[in-house]
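Two complexes, one shared chain (subunit A), two partners (subunit B, subunit C).
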Partner chain A sequence: MEAVEVEEITRVFEPRRRSGTRVVALDEVSLTVPTGEIHGLLGPNGAGKTTLVKILSTVLLPTSGKARVLGHDVVDETEAVRPLIGIVFGGERGLYWRLSGRQNLEYWGALYKLSSREAKERAQQLLERVGMADKADERVEEYSRGMKQRLHLARGLMGDGKVLFLDEPTTGMDPLAAREFRALIGELRDEGRTILLATHDMVEAEMVCDRVTLIDRGKVIATESPRTLGQVLSRFQRIDVEGVPLVVLDEIRAIRGVASVTAVDGVGTRIEVDEEGATQLVLERLVSAGATSVRTSLPSLEEVYVQLIGERGMEI
Partner chain B sequence: MRAFRAGFALELWIIRSNPDALMPLFTAPLFAIIFMAIVRQSGRPDLESDALMAPVLMTLLWVALQHAGTLMVGDRWQALLEPIIASPTSLASVLLGRIMSLMCFGLLSFFEVWAVGKLVFGVSIPFEHPVELFLTLVCTALAMAGLAVTFSALLVMTRNAYTFTNSTSFPLYLLGGVFVPVAILPDWIQPVSSILFVSWSSDLLRASVNEAPVESFWPRLGMVLLLGTASFAIGRVVLHYVLRRMRASGELAAA
Partner chain C sequence: MSAVATTLNVMQHAFRAGIADYRAIFTWKSWLAGWYVRVLAQVAFFALIGERLGDDEKTYYLLVGNSLLIAAQVGVFSLNMTSAERWAGTLPLLVASPSSPVVVFSARGAYLAIDGSLSALGALFIAGPLFGMDLPWPRVLAVVPLTLLVGLASYGFGTFLAGIVFRYRSINSLVVVTTYVSLMAACGVNVPLSYYPEPLELLARFLPLTNGLLAIRGVFAGLPAVEIVGNAALELAVGFGWMTAALMSFNRLASRGRRDGSLDFGA
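Take a look at the complex of A and B:
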């Protein structure tokens, strides 16, 4: 059985005022996450990641389409879905600030129908696991942002869910804590859990995910392993070269598949290609022109991301 | 039951760290002094027990309505509502537990007004019917919590729930016979009052602190419980539909 099945989910937010805008947050998104997989949902702000996580968490209804978690429909079988999932939403909110971390967890344990003793025990275990045991009895309002984020994660694990939805879980964490957190995600997978990780952090997706779905403007662009996605984008290869005469660069510019030839400070000239086979032609021309300092680079997931999503920059 | 206990414990923790919620306990003695002064001025010593019971009911109603307007709204603004909804627990039961926790503190107002009567006016509440008094107070607190769940559900999407609950409390005081018995209100109001458990509670509370036997105690207490339970049941249904609507519109989380 697949842990998560999403079939042509569309979610439209209708304007609440006449002057408002209709927003298509998800547009016929389909996705499958096998049991035991860490699946990344990668996209910029406003891509639709959180909307999808909310639909799968049963807190938002889709406009159309179907989604199932461990075989249960997230709209019609919410009572079956909810005990099976754990959710971690990003951000500083979502905790009772005037309570201690331990009290927050014990409350959440009770909501997941643990007895008082079970809730206390699990809270202690999780506080130790996320490195918060020594701060457990301090009020949440005294925690740093990263500590709150770790408490969010512990809260998401209180119900011992088989499927975890993590929405930007490392927001606010320092690099060391984020690295420990990624190790923890691996441990959770080893325990047999399935994890859907929504993130805009390419490095994070590349480091922890078995597969990644690129999503932008509510549409799935691709679902592949981080490595395969990189290979797919090999046609977008980048070549850095130094000391090439302008006339040769003009010839290269005319080669089919060369997307750009630009001068880059500290690098020399950067040639970007966007068609398979173009790299070879460019390299042949560079070698015949006597260029000796030539460097090609394999695309990182970040480059895949930027190339596929385009150069929208901060635009949402 | 676990959901109820979870809500009850949560609110105890919150009150311990933030006792603002107990503000009505500061006003109950003041209202007792005002009402006692009025009945003394009017030369009606027979109404002294009534004057002391009114602030108790007012405190319970105030606590119930005030928190009905703020608990869910607060959770929504703190982005807590979504994870709570995503848990396998009945939100209505959690809310009931939270409000009952507050009601337990609200019941302390009874001892406050008793102390005011004794120390300021030299009046003792006659404990002629302690069992009836105790059961009436407990059932009233339960019914208030049930009513508060309905208000919570209705108010969760409003931006100024506090103003609404504040202004709703006075019609309820009036229709519930908190200040004066419903029997002396205009005839056309009485059918409305009779479907409010508060009117049954206030009559029963007054009867429990009078020397005369409490007539038809069990049927009247049953009405308090029945109407309170009905309030809770309505609250559950309303909550179900409100949450469904919020899930559809994407408004479970406030921006």
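Take a look at the complex of A and C:
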């Protein structure tokens, strides 16, 4: 059985006021996540990620279409779905700040129908697992942002959900915590859980997911392996540089794999590369020309989309 | 665990969460110095007015009424509970859990019923003798459960208001003020119900303080037990009714939220 099946889900938000506009947050989205997969839902702001996660976690109704979690309809069979899922969303909310971390977990344990003893045991295990055991009895309001996030993850695991919905779970974490978090996601998969990870972070999606569905403006663009994503990421690079003589820029423009060289306000010159290996040649040339302040960065998600779509001759 | 056991377990945890909220605001010392002294002062103020009028009966009338008003007012504070929940951003998570949010709300603010009752009893049993009121032993013991009943009924009413305030955020303070004034003016705190036109008296019977207060006055006046129990039963019914209405409105709130998208993750 598939863990998550989404069939042509559409969700329209009608305007609350007469002057408001109608938003099609999801437009006939279909996707399938087999049991045991870490599936990325990658898209820029407003793509519809949270909307889909909400529908799957039974807190929002679709306008049309069907969705099932482990075979149960998320609209009609909420009682069957809810015990099977765990939810984690980014940010600092969703916790009781005046309770301790441990009390929060035990509270949710009760809501997930654990006996007090089971809840105590699981809370302790999870606190250790997310590295919060030594802070467990402090009030949440005293936690740092990243600590709240870790507690949030533990909270999402209190019900021992077989399918986990993670919506931007690493927002607010420092890089080290985010790395540990990703390792933990891998462990959860190894325990046989299925994970749907909504994110706008391409690197995160590439690192942890088995497959990634790219969505934009409510539509699925493609489902890719993270390797394809990785290739795109390593091929397309952006180099920002200041104070380079025009002659040198002309030379760089001639290097194979350099897509564009443009002047950008406030940045200096932006060089975009679209072939593996070209970045290195460009950097070498810049350094030998004595350029200072050279910065490389990843392309934006939109740019990657444009590339992927362009290559496939797809239309948005 | 059985369905009943899991429900009670959720209520117990929700109750404890409420207590933790409260303990973050008050310590024993600050409760006594900051709150309880205020309660005593408020009750004494009205009792002094009665003394000014040179009438013991009026003094005791005001003293009992204003003491019990405290129990009702504190119970009704539970209407703030949902703003707390909204602020915490936990509502979508409650809805997505296998338990009903309604169960949580039925217990989350119940500490207020206890706090209100203790404050009221404390005021009555300290200010009462100070003003020379005698507490007919052991009859007076009946006042304790009756006060708790008023606290609980008011908690049910407050929970109902919480559901309204949740949906119509903008009228939050209007609801608070109106409730406060109606409890004080219409429930027989300072003047007997008979003072008002009959329709108003009937309406007042639906508020969570009126019947309980009549029962308690009956205890002090030495009325027959039937009459006291009758009023107590009405108080219980009113509290139960409001609580049922509250739970239904929370259910509707959740299903509406699913439809219109107002259950926001963390927003």
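Everything that follows uses one rule, which is that the second predicted complex is superposed on the first by the 228 of 316 C-alpha atoms of A that agree within 3 Å, B and C clash if a C-alpha of one lies under 4 Å from a C-alpha of the other, contacts with A are read in each partner's own complex, and residues count from 1 in each chain.
As a working rule, contacts are C-beta pairs under 8 Å (C-beta built on N, C-alpha and C of every residue); 3 or more make two chains touch, one makes a residue touch a chain.
Worth saying up front: this structure is predicted, and the values here are computed from it rather than measured.
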item	value
When subunit B and subunit C are modelled together on subunit A, clash or fit	clash
First (subunit B), second (subunit C), both or neither touched by A:289	neither
Partner chain(s) touched by A:89 [first = subunit B, second = subunit C, both, neither]	both
Which of subunit B and subunit C A:133 touches, first, second, both or neither	neither
Touched partner set for A:207, first subunit B, second subunit C, both or neither	neither
Touching partner for A:259 - first (subunit B), second (subunit C), both, neither	neither
Which of subunit B and subunit C A:248 touches, first, second, both or neither	neither
Common ground on subunit A, meaning residues reached by subunit C in one complex and by subunit B in the other	13, 54, 57-61, 79, 82-83, 85, 87, 89, 91, 93-99, 103, 106-108, 110-113, 115-116, 139, 155, 159
Subunit C - residues contacting subunit A, complex	1, 6, 9-10, 12-14, 16-17, 20-21, 23-24, 88-90, 92-99, 104, 257-259, 261, 263, 265-267
Complex interface listing, subunit A residues touching subunit B	13-14, 16, 54, 57-61, 79, 82-83, 85, 87, 89, 91, 93-99, 103, 106-108, 110-113, 115-116, 139, 155, 159
Complex interface listing, subunit A residues touching subunit C	13, 50, 53-54, 57-61, 79, 82-83, 85, 87, 89-99, 103, 106-108, 110-113, 115-116, 139, 155, 159, 167
Residue ranges of subunit B touching subunit A (in the complex, touch as defined)	2-3, 5-6, 9-10, 13-14, 17-18, 78-80, 82-89, 94, 244, 247-250, 252-253
